[in-house]
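What follows is a set of structures for review.
Here come two complexes built around chain A, the first alongside chain B, the second alongside chain C.
Showing the complex of A and B:
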């Protein structure tokens, strides 16, 4: 077997970290190279993820021992279907967001912090890649910390009052979450002596009956820790402020990707490290299911009353992350595949919507939904893309949002829970209630409205959202290969 | 039935459903692009598309009359779920009807829309909706049907709010929300069917053969989804708002054709997802029957209290769709013939009425029924067509409305339910009460009144037939009105034959 690609995951993480720390130097001495460097790193990330995806799909998953140290002593990376799926999602959306961001950030950020922004962005990407591939709980914790701190700095980079406030809120809650994760990891290490997920899965069934308290506490801490970071209701309070305050490309990445990586980490810990019997005795997944149902309803209802478009999108994210957790906590084949699919689909939809909102703010300065009357005439392509995103959020067939909802609903029915389907449908209706008025106002009933002042929209920004819009339609019509891949992923996990 | 590729070689007809769905949809951008260049080209291309589509559908006639059925899968979207194409006699009935009325409405639009704004939006949407509607009828499984159903419903929103007045936008919002609710209910129903049967295809015979709780919820959700579209009580609330505010040719299509997609869906549900035994043994038919009766009486009664011409017609549509829902739940062959024939009849009658109402509004600007006295003498052709269609609504022989009511009544008697005949008669009486005064006033009333305003406005738009609207408006209207006459004159006309064949086909198990 040709294993030339086996070093690639490490190279990705290392290279992203290296580029991150080079950025400030490059930006100080050779300003014009800074942007190409970040694009090149992200492009490398995307291409190698694509290559890894193909390789894993063809040759099967593989494990990599860092520095040649075999587990349980060394750090193990497990590049399975889940890992390459996450890598590809993060890298492609991340690349599009930063390509878009180059234009938008020049407009929104002070010149001297731009280099730091690139650093933070690459750090964030490196940590997400790390979380995706690592098979070691402590290593995962380290990456979680890196991503929390860089996300926090990205939120505060504008240095306005609300940004600082939002990032402080995030910092405090997220540190709390990190603490929980660390404690839970320690609890497991205490009883098993292992940090490696595979070894934990082997040893835990033998020791769990002796240490029920440790197990219980670790489960609780993991739920709270990853729940805070992924903004699972009721631990979501930091999200709306943080995602609204950040610059648009960062909002797209934070809402589209960063909260998803914690959901994926949750999946890894709960379904790969813990043996399944635990969930029969301790109904932690039932609790998560209940919380995710509440998240779906709460996020959608609160989104309806928002006036600021980015805040509305942020609340909508709370509901959508509920879908992901809903799929995971059902623990059925189809349901988990649906949750993973929604990670991908929502990453596309939400980053597209945030980027479209970014264009609106960039060219008109309007943030309030009420003022957006007649935008469709002025920005037809942007609002057209926004419409596709909105329809996908509602779950209209032909868009990828429909496929996720179908998969999740079928997963729920497989397990004999039609009430979950009702929740999904109710939330779709609520989505319709807050997304459609924006679309209608933008396109119809504009006679006699005052003319809007429209600045020029850079082509790159427009092309990036059109590309994502195309992706939404494409994966709504032809999701078969993706679903087949996710089927393999889920079979490997469960 | 034949599977797969060899059938494409054997029967070139297999291509036609694809063609008639995709051709209008692909013409949409072409019309949109051309509309920037020249208005004439845009109008011409729209009419041409509608005409070609109609004749393409019509070319299937010999094929389906031989009783043949084709079904094949184009490609899979999800495992076990694909885009499937199906031609059978029932889909042909609805498709030929839709494409014919669509052609008439498109021709009518040419002059009607001239003074309107936003024509560059109207025509592409009109043609796109045609493709989506035909997609519903030629869908070979419920998933494909659902996709096209949603597509049609959402795109026709643009037709509803065309005027962009606050009233129209409000009505449109109501329409949109109800559409989404219906769509989500259908989503649940289809996914529950898929869970129960492992397939949602129309070629598997009965999908759900045992009543269960989930099956009942699926049935109710089908009823919500399709009943909403068909204007069934209590989900009709959007209809009397949305149909009158649309431009008249669009109202004719909304009332004449798009309501029927709901009825078509229910027919497919009753005969393909469940079957007579399941529905009757679980007494689910009672639910439909009660709602249908309320729909009939409520639609007709409320129409009496409406004095806006188009609103009265919209309420009348609700009543008439009640007939269709009632007819399919009788579960007798005669009843089903009447049911499908009433779909034909109502499409002809209601589109004639809406087009005539549109011509009156276009010419005089009058919408209130009390102002229409004497209009028949000014616009004899328009009011003539209106009168034929209105008399057909009441059920006067030898018009098509009589024939459908007659057959429906026979079906009700065959099922041993004479009470339904009484309901039909009461409703006919009510129809008479609200249609006859309009006709009487139009021809015999209002000698002293003069309709000065709006007379000279559109003279330049075409030939002026004694105060009539233009020829392009009058001719489609008159053709449809004569259709009401000829499809009722002999009890063995083409529509009746098709209905008979379709009913027998469904009763044989619909394979």
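Showing the complex of A and C:
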């Protein structure tokens, strides 16, 4: 059988990298081509991800050997259900964010750095695609580092004081995480001689009784490494500043996608590389579960007292990444499916909320929640979309946030842990406490004394958030195909 | 009483031991020092320790580079960790360069590279 789509994953990563490095040259010599180039590369990414998803769904998962070298010697890419699911999420949200960004960035960035911004954006996308498809721990480490540098640079590109500080803080903690990941990889390589996730899964059960210390150390360092990068609760300190200071499209991508890709890498390493028996002996997943419960409560409580809207959204992300880790650490079929679904749903909701906040800042300059009274009359569509996002965050039925919380709750009940359901309910109420006042104030609040100056909102920005809002409703009402796909994904992993 | 077995294990694997000590030194420097340049130095020490551990995995006493030669009774070292660490070094260098450039920018804004001092200046000028 002629599988002509099997080169596509490599082509995606290579093409995004190529476009990334072409971008500054194009921007210098043919300025008007730079934006179409970045849109075209992202559109190619999205279309080929869609095609890959259809192909994998039809023909089943496949493995690709880079350069024709079969593992254990070569690097292997595994394009399974999980990989195509992640690719599609990243590419579609990434495309929407950059379409929106073309307008917003002209407003927020200096003209000469715009080309560099596109470079960093494409590098970030390439590294996330790489993390999604790779099946090799060291390859994953390299992509993690690329995405760390480009994610920091995408914040510091504004060169304001806050951005530089936030970016340096992020960089230092992120490098700490990378160091931990590298050391953990070394520990596993030391006892197995493999870096391939599939081979590790074969060999680890045989060697685990001989080298318990190595396994223990590697588990600890992996939790810390991916925990720092994905902003799991006690290791989240860099996130609020970084996501607040960045330009709005960057915030949307950083909060919606970049922290998720590390959660997905965590899932790959812990559930695909390590054999399941390890978690019976070493309660590392229980620790992660505990941390994610704390993250959900802490993020929601701290978000309540924030004054800056972007900072509030950033703290809300800490709570939401807690849901993803909650699903993964329960390790049940429906719980992991719920966690994966929450990656997709939260990517949509949070990027939409950040983009809507971006529109508010773009057209009025308001960042403080208190000043948003009466904004619903001035920006009805933007605030309408914001309301959909807020309802979805709370988990009102009919929005996609409800579906993933429902799946997580069912997953927790499957494993006989009703206390988790209480946490999910409690956190929904807390979400309601900080999202609803904004909505109510915007539509029913009495206007402030000075009349607000409303700039014109460009159509592209508005359409992109309305599209995401439509997606939230659509997947809230008709989640069946997605759930069926995730069922296959989880069956393949567990 | 000192456990002879533990000591001999430590002595036989002294390179791992040294790497772990370096890792802790780097980690500690990175998290506790207020001076940003020292933080970056700590970051480099930490990464070097991880590289050291990786390279020493593939090291065999008396082994040589894996080039096929006359006679097949040679002991070869594992070249894979060394190849991987080359990539790792490149990554570490670029992260260091980027971090230092950020520090230069911060110095232009604040006139200091001390994190505590920067925090003080920030709270002073709201």
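Going forward, the second predicted complex is superposed on the first by the 487 of 494 C-alpha atoms of A that agree within 3 Å, B and C clash if a C-alpha of one lies under 4 Å from a C-alpha of the other, contacts with A are read in each partner's own complex, and residues count from 1 in each chain.
Assume a residue touches a chain if its C-beta (ideal position, glycine included) is under 8 Å from a C-beta of that chain, and two chains touch if they have at least 3 such contacts.
It should be emphasised that the depicted structure is a prediction, and the values quoted were computed from it without experimental measurement.
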{"item": "Combined model on chain A: chain C and chain B, fit or clash", "value": "fit"}
{"item": "First, second, both or neither for A:207, with chain B first and chain C second", "value": "neither"}
{"item": "First, second, both or neither for A:403, with chain B first and chain C second", "value": "first"}
{"item": "Contacts of A:381 with chain B and chain C, given as first, second, both or neither", "value": "neither"}
{"item": "First, second, both or neither for A:436, with chain B first and chain C second", "value": "first"}
{"item": "Touch count on chain A, higher of chain B and chain C", "value": "B"}
{"item": "Which of chain B and chain C A:18 touches, first, second, both or neither", "value": "neither"}
{"item": "Partner chain(s) touched by A:172 [first = chain B, second = chain C, both, neither]", "value": "second"}
{"item": "Touched partner set for A:113, first chain B, second chain C, both or neither", "value": "neither"}
{"item": "Which superposed partner A:287 touches (first chain B, second chain C, both, neither)", "value": "neither"}
{"item": "Minimum C-alpha separation between chain B and chain C after superposing on chain A, in Å", "value": "33"}
{"item": "Set of chain A residues, in rising order, touched by both chain B and chain C", "value": "none"}
{"item": "Residue ranges of chain B in contact with chain A within the complex", "value": "76-79, 146-147, 150-151, 154, 158, 161, 164, 166, 169, 172-173, 176-177, 180-181, 183-185, 187-188, 191-192, 194-195, 214, 217"}
{"item": "Complex contact set, residues of chain A against chain C", "value": "138, 141-142, 145, 148-149, 152-153, 156, 159, 161, 164-165, 167-168, 171-172, 175-176, 178-179, 182-183, 185-186, 189-190"}
{"item": "Residue numbers on chain C that touch chain A, as the complex places them", "value": "23, 26-27, 30-31, 36, 39, 43, 46-47, 49-51, 53-54, 57, 81, 84, 87-88, 91, 94-95, 98-99, 102-103, 105-106, 109-110, 118"}
{"item": "Chain A residues within the chain B interface of the complex", "value": "391, 394-398, 403, 405-407, 409-410, 413-414, 418, 421-422, 425, 428-429, 432-433, 436-437, 440, 444-447, 477-480, 483"}
